[in-house]
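In what comes next, subunit A is part of two complexes: it sits with subunit B in the first one and with subunit C in the second one.
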Partner chain A sequence: MVDISLHLLDLMQNSARAQATRIDVRVSEDKEKDTLTISIEDDGKGMDEDEKRLALDPFYTTRKGKKVGLGLPFVVQAARMSGGDVKIESAPVSGTKVEITFSLSHIDRQPLGDIPATLVAFMAGNPEIELSLRYTGPAGVFSTVSHRLVCEEERETLGQIAWLSLAEKRLRAGLAGAGFRPDGGGVIG
Partner chain B sequence: MKSIEDLERVRDEARAHIRIRSSAGSPRVTIGMGTCGIAAGARETMLAIIDELKKRQQLDVTITETGCVGLCAKEPIVEVQIPGEPKVAYGNVDAARARQIVVSHLVNRKIVDDWVINIRKEDE
Partner chain C sequence: MRVDDLVKRLDLKVKSISKAGSAREVGGGFVGDVLSHVMANVRPNDAWVTVQTHENVVAVALLLDVACVVVCQRELPPETCRRAQSEGVALLWSERSAFEVAGRLYGLLGSRPNER
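Up next, the complex of A and B:
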């Protein structure tokens, strides 16, 4: 994974696989505290203590016929190499919350990447999941919910391809208003 | 557009379009979105497909995703299924290839042989 938004997409796929109906994504850049925090919280089936521990093992997967499960291990690697860490809270039935922190100015922190692209790609494959986003950036806060971003009626009349394009346009505009830049916040940016 | 009648006509046309779309007759594009697919660039592939379909007004196509199918080295993998025709899986589909697949396969109904990794008959 070359940027943080790709890790985010991968973790959202984990939530979808855990039968989530709702996913809350929070992205927050804090220059003063020098942190970049990403959290993904879902109402999926959750994990018990053993599964939670095993989830970080690259050779553990819940899928039959596969030998590796690299999503979370990649995230942990990316966080730790830039002075951050990953915290997982999870309980069976109630869902899972993954919180990733990075040191914002760390030279090895991956770029934030294209957050709107991640959300649109996820909505394309999982239109029924209610996705909420709260982005705190250098110029303010942008928050939205997928079913308000493009409402049911618009989805029906426009059809999938056109409503996804509209969602992308609105997300890019909203995020830009809060000061989002695809590789923003780093020492170079 | 000048009157309520015009507006209603637009609405009825759109509804007729939806009926066609929601029937079994629409082509389907499936993109591998497992960890391997994402790392190989499946997100950009998907956005390129959406963009190209929109540009060419091919709105009667359904986009879906799937997880890892066990052929990680060939990701991003894109499967195109046109009703009544075999399912065609393409490998190493970056954004540029994706756009070409949209034009050639979905618009002009011509399979792009060079990138095919599998062809399955519909009932298999």
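Up next, the complex of A and C:
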């Protein structure tokens, strides 16, 4: 995983596999505290204490025919490499929240990557899931919900390719307004 | 060249190896630290040279069926060594830099058969 948006995609896919109908994504950059926090919260089937522990084990997977499950273990590695960590809150039925913190300026912190394109790719593959985003950046807050970003009427009249590109355009504009810009990761100095 | 020959020729420290693993033939080499990149490019039977030490390295090595992993310079956490032992992954270590190890490895193995 070369950037954070790919970890985000991986965790959203975990939520989808856990039969989530809603996923809340929060991305928050705090220059003063020097933190970058990403959280993914879903209303999927959740995990008990044992499953929670096993989810961090690279040799554990729920998928048949696979030897390893690398989604969360890669996230943990990326977070710890930059002086951060991963916290999982989960319970059967109520869903799962994964919170990842990074030290924003740490030299080994991965770049954010193309968050809007990642969210749109997920929306395209999972149109039935209500995806909400709240981004807190250097210039303010931007929040939206997939079903509001492009309304039902627009989806019907535009067709899939067109509504997805409209969604991406609106996401980019909203995020840019709150000060989001793709970055190169942590920096020296 | 076998894994145990490689250990001698490159003066590597063995953190984990099995009997079958020592006798395994090394087909080529690969250097990489970004695990997704390694997953896309390393080949079965390669000797994989890296500075990553997280236990995820063992999972990637197992998944891609590499002949051995050579970790350079950075100290290996005990958990990573234990994992390699329990999964039967050959985990080797060198105090030399990845550059030095890769240079020596290339000297021994040369280019992979269908590499340009």
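Side notes on the structure shown:
We take it that the second predicted complex is superposed on the first by the 184 of 189 C-alpha atoms of A that agree within 3 Å, B and C clash if a C-alpha of one lies under 4 Å from a C-alpha of the other, contacts with A are read in each partner's own complex, and residues count from 1 in each chain.
Definition applied: contacts are C-beta pairs under 8 Å (C-beta built on N, C-alpha and C of every residue); 3 or more make two chains touch, one makes a residue touch a chain.
Just so it is clear, the structure is predicted and the values come from calculations on it, not from any experiment.
Taken together in the superposed arrangement on subunit A, subunit B and subunit C fit without clashing. When both complexes are overlaid on chain A, the residue A:Phe74 reaches subunit B and subunit C alike. Counted by residues of subunit A touched, the larger count belongs to B, out of subunit B and subunit C.
In the superposition on chain A, contact is made by A:Ala162 with subunit B only, not with subunit C. When the two structures are aligned on the shared chain, A:Gln13 is found in touch with subunit B, with no touch to subunit C. In the superposed model, A:Met1 lies in contact with both subunit B and subunit C.
Residue contacts after overlaying the shared chain place A:Ala124 against subunit B, while subunit C stays out of touching range. In the superposed pair of complexes, A:Lys64 makes contact with neither subunit B nor subunit C.
Once both complexes are placed on a shared chain A, the shortest Cα to Cα gap between subunit B and subunit C comes to 5 Å. Across the superposed pair, subunit B and subunit C both touch subunit A at residues 1, 6, 70, 74.
Subunit C makes touch with subunit A in their complex at residues 34-37, 54-56, 58-60, 62-63, 83, 87.
Residue ranges on subunit A touching subunit C, taken from their complex, read 1-2, 6, 58-59, 67-68, 70, 73-74, 77, 80. Within the complex formed with subunit B, the residues of subunit A that make contact are 1, 6, 9-10, 13, 17, 63, 65-66, 69-71, 74, 114, 117-118, 120-121, 124-126, 156-157, 159-162, 164-165, 168.
Of all the residues in subunit B, the ones that touch subunit A in their complex are 11, 14-15, 17-18, 21, 31, 33-35, 38-39, 42-44, 46-47, 50-51, 53-54, 58-65, 67-68, 70.
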